[in-house]
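Both of the next two complexes hold chain A, though its partner changes from chain B to chain C.
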Partner chain A sequence: MQRVTGGVAVIPMLALLFIIAVLLAQAWPAILLNGGGFFTHTSFDLGNTYGAIVNTHGVRHPQGASYGVLGWALGTVESSAIALVLAVPVSVFAALAISERLPAYLGRVVGLFLGTLAGIPSVIIGLWGALTIGPLLAHRVYPLLAHLAPKVPVLSFFTGGTGNGQGLLTSGIVLGVMIIPIVASTTRDLVHSVPKLPKEGGEALGMTDWEVARRVTLRWVGPGIVGASVLGLARALGETMAVAMVSGVVLSGSPGSIFAPITTIAATIVTQLDSAFTDTSGFAVSSLAEAGLVLVLITLAVNVAGRLLVRRVASTALPVGRGV
Partner chain B sequence: MSLSKRALAAVLVAAGIGLAACGSSSPPSGVGSTSATSGSATSASGSTVSAGSVPGTDLAPPSGTVNLSETGSTLLYPLFQAWAPAYHAAYPNVTITPQGTGSGTGISQAEAATIDVGASDAYLPPSAFTQYAGIENIPLAISAQQINYNVPGIHGHLKLSGQVIAKIYTGKITNWDDPAIKALNPGVSMPNLTIVPLHRSDGSGDTFIFTTYLTDSAPADWTAGFNTTVSWPSVAGALSAEGNGGMVTTCAKTRGCIAYIGISYHSQTQAAGLGEAMLQDKAGDFVLPDMATITSEAAGFIAKTPANESLSLVYGPAANGYPIINYEYAIVMTKQSSASTAQAIRAFLYWALDKAHGSAPRFLDAVHFQPLPPSVVALSDAQIAKIQ
Partner chain C sequence: MTVTCSEHPASLQGRPAMRRKVADAAALAAGYVALAMIAVPTIWVVAGVLQRAVPGWSWGVLTHTGAAGAGGLENEILGSLVLTAGTLVLAGGVGVLAGIYLAEYATGPAGAVLRGASEVLAGIPSIVLGYVGYLALVVALHWSFSLAAGLVTLAVMTVPYVMKSTEVALRQVPSAYREGAEALGFSPLQALRRISLRTALPGIVTGILVALAISVGETAPLLYTAGFTSANPSAALVHRPIAFLTYAIWTFYNQPSKSAVQLSFDAALILLVIVLLLIVVGRVIVSLSERHAETR
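The block that comes next holds the complex of A and B.
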């Protein structure tokens, strides 16, 4: 029995290794030909697919084909970062409210809504973002933000034309909505798991409810919140359909402002795979596989960084002994 | 190559990166019997295809049970959806399963033999014929592309030229009251409204023929080339949408929008209240896409259509010819896994091109396609006869 469970536990590991191996094999011609330039510029140019197929360094490709992942990777990381910045505070407050402040029945109702939100297909959220909330924000809210932001370095990123609702900020907001249920429900379960004793101790010392929440409960679950955020971040990085619908899918160039259209690696792959199939040399598909590999590596890096962070926070931040 | 492509697709799905469903898992087609009689009948009829007409014997599929799968162009998909049950009703032993996935998928899966018939809006490039020995692109019908707009207060059809549209999509013309648009539409009071150019976010045969039109009609203004995906010049406020359905919905929601939408979505663009532009053809006339203008544009290309039928029909010299039309292609490999599959594909394609059957108005009118001219049908028939 033990041997069986051990064998089953290896499956996820094998699956990941298999995915990376196949992506690597597919991407190999692109890695050879795209070289380091793949990471330093932004481009999706199939080249002259109606011309002759040429051979460079042993790799067949249409004349003029050019691929660069920089902008797509930046779009992926930036939109996910915006989502995290928006979703984590909302989620933590929601979790505290559900478990500490709201009457139990109301907490259950809010929890039900969170669960339902988590279950909405991303294409529906994408539709809502593209047809309703994106245009609304772009016409009513973004102009205010762009007007208020000072024209100084860094903050000037928040100025400029606000477009018609497709872009970096809209993508971040839509992604934020999508990861709130993940971060909030995980945080809620963590808050539930905080033992009564330290909280009562805090109250006995004359702390208010808010002070107990801030100084005891939050400190107690701090590492867990980091872990929950990493879960949400991983979801945001890989989200595909919703971003394909609200990002604008701009395949070349990097956004000059937070309102500008972008693309992400996942959205690029899902929208461009069919076009890539028209490249008979297979170079376009290979380049998309290389981009997929970059996404897998970004996700891996986020997970490793998250684990390290959890360990750091866990070893320094706990105010009370764990074994209470 | 084909195996690794499928493996990649499987991995992308597994990785959760997301990908539209790949090849159907239907069993290998052509399960049915291949009697000696039907085989010989086929080879006899295959060699006696006459120009412009389809002998009745060609329409007979094999007698056993046959499943044919089709995937590719989402523009052709509604037509295949109408054809499949009608064909099954006529020949109950033949089942056709259509899928709308995209032209690139149709081409690559036909080449890999994971499906029997691929569908594409774009003609095959010369490299495809050397890369995939025995691949054919066989025109089934003629489609067209509308240029639609959402400009409140404009009744009737705005006149636009390739040059003006190219300048809009490159950000050189940004307002509907631009002098260049006014010059094409004397007497029309153009509103002061920012133009929102809309393009496809997914790879698309529509993008292919639209950018071909811009390349051919405005080479000085449009330098991004033509393909199923191009690097769109950055235009402030520009939007993208997925699929023709997404184009209609987004354009209807966006004041000032201009969009390119397949003619098979004509009823949807009308229902959404979008305007439909009269386009300037090479001869200088402004024309709407209808039976007369599409037929007259296509007529200019009949003599130019080569034996392999790979040809752009965009921006031809015909007077009163609508400038954005294209052949809708079936992508088929000449070498099939079995004689009965080959016979079934031939019989179905002959049926599809027959004006009494698949190319009858009751099928084509619903998607606003036009039937092929008789001499192009003859070329298609000759290509179909090679499927063995």
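The block that comes next holds the complex of A and C.
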């Protein structure tokens, strides 16, 4: 039994190594030819796919093919940052309310909501973002925001045309909704793990509930909450379908306004793979593999960092994947 | 009760009582706003699907096949069920066995490495899994768009969930049970099979249900591995593409024809029903087994 189960337990690790190896092998020609420029400009240009395939440094590619991941990576990071700004305060306050204020049965009801939200397929959240909340925000809320924001450097990022609801801010909001379950349920479990005595000590000193929460509970699990947020960030960075439906998927450059359409690495891969197949030299597919490799390395680093932070505080609170 | 302030932490001293009360009330209000911000989007998403799917709903979508935004969804529904059943076998089998190893046999750094690798695997973006599945299974192994390619990709994605919940469930079995089994002369394998696994079963089943809910709702890993077809699923493992529900949602929702958008929301409704059923059954199992454990 030990040998059989041990052999099976190795499968996820092998799968992980296999995924990275396949990406690396497939991306290798693109890494050679795209060079450092891949990270310093934004471009998705298949080149002349009807012309002759040319050979540069031993890599076959259509004349004029050019790929740059900068704008996609910026879109990924910016939309995920907005998601964090929205999701972390909601999650922390909700976690405190669940475990310190609500009776147990109401806490279970909120838990049911968190589980449901985590379980709703990404493509259905995308429908909501693209057809319901995106247009609503673009018509009712964004114009107000754009009107209020002063035309000074930095804040002028919040001005400009508000478009049709496909863009950076909508992506951030939708991603925020999607990562609330993992951040909130991890934070709730962390808050639950704080021992009673220090809290009662705080109360005995005459602290209000909020002072106990801020100075005892949150201080106790602080690094864990940072870790929970980082796990949410990893989730947001890799989210694909919903973002592909609400970001506008604009492949060139980074947005000049928070309302402008963007793309992320994941959304670019899922929407452009079909057109990449038309490049018979395989260079387009290879370049998307390089983009995928960049995404995997970013999410891996963020994910591992988040796990280490949560584990420092409590190993029981560690979620898997979406944190269902 | 009067509290003298001399024992307060230094930083709290001298803060007016009014301000502290206001801060406390504000924090409480923020808590309730936060709870609303969890409940409102959840209800809104579900209600939005209902609102757009129900008025134009026709039961015919369940019994007619279709493609390109016309006809029904029979091929997508059956395809999703076949893929989910396959995930149950593949991810369920691998995940439970691997979870048993982590809980019962893995000691020290080896267990930590395997556990960490599995958790990190769950964090790999789903489109990357689909892309690698396409490169390795569809192209390199010549499986074409097929059931097998979609299944293996989905299984890789969901094994970590089953593995984690199996391990956690087994670790929660009281050690007195094991010791009791040993005292009765059970062999380790008997004790595992008849005591530990039986006690941990609700947790394991719930983990599998979560994995199924996730696999049936996934799109990105399947687009370039399962492909799409207007035909109902066949027994062929390879070389024959297979339809799935999320494909219909993703492909039809922004098409100009009304029937395509209706089909997209029909598919979303069917999918939501399946996912919510799986989640609710999981919750019921957990609460029933908790009640059972309390009365034991």
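Here, the second predicted complex is superposed on the first by the 283 of 324 C-alpha atoms of A that agree within 3 Å, B and C clash if a C-alpha of one lies under 4 Å from a C-alpha of the other, contacts with A are read in each partner's own complex, and residues count from 1 in each chain.
In this text, contacts are C-beta pairs under 8 Å (C-beta built on N, C-alpha and C of every residue); 3 or more make two chains touch, one makes a residue touch a chain.
This one's a predicted model, so the numbers in the text were calculated from it and none came from an experiment.
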Chain C versus chain B, contacts on chain A by residue: C
Touched partner set for A:A289, first chain B, second chain C, both or neither: both
Which of chain B and chain C A:V270 touches, first, second, both or neither: both
Chain B versus chain C as contact partner of A:F93, first or second or both or neither: second
Which of chain B and chain C A:A130 touches, first, second, both or neither: both
Touching partner for A:V152 - first (chain B), second (chain C), both, neither: neither
First, second, both or neither for A:V22, with chain B first and chain C second: both
Partner chain in contact with A:A104 - chain B first, chain C second, else both or neither: neither
Which superposed partner A:G238 touches (first chain B, second chain C, both, neither): both
Touching both chain B and chain C, residues of chain A: 15, 18-19, 22-23, 26, 130-131, 238, 240-241, 245, 266, 269-270, 273, 285, 289, 292, 295-296
Chain C residues within the chain A interface of the complex: 3, 5, 7-9, 12, 20-21, 23-24, 26-28, 30-35, 37-39, 41-42, 44-46, 48-49, 52, 94, 97-98, 100-102, 104-106, 113-114, 116-132, 134-136, 156, 159-161, 163-164, 188-189, 192, 210, 213-214, 216-220, 223-224, 246, 249-250, 253-254, 264-265, 268, 271-272, 275-276, 278-279, 283
Chain C-touching residues of chain A, taken from the complex the two chains share: 1-2, 4-6, 8-13, 15-16, 18-19, 22-23, 26, 89-94, 96-98, 101, 110, 112-117, 119-128, 130-133, 177, 180, 184, 205-211, 213-215, 231, 234-235, 237-241, 245, 266, 269-270, 273, 285, 288-289, 292, 295-296, 299-300, 303-304, 307, 318, 320-322, 324
Residue ranges of chain A in contact with chain B within the complex: 15, 18-19, 22-23, 25-26, 43-46, 48-53, 62, 130-131, 135, 161, 163-166, 238, 240-241, 244-245, 248-253, 261, 266, 269-278, 280-282, 285, 289, 292, 295-296
Residues of chain B defined as touching chain A within the complex: 1, 4-5, 7-8, 11-12, 14-20, 101-105, 107-108, 122, 125-128, 131-132, 196, 201-204, 225, 227-229, 231-232, 234, 236-242, 246, 249-250, 253-254
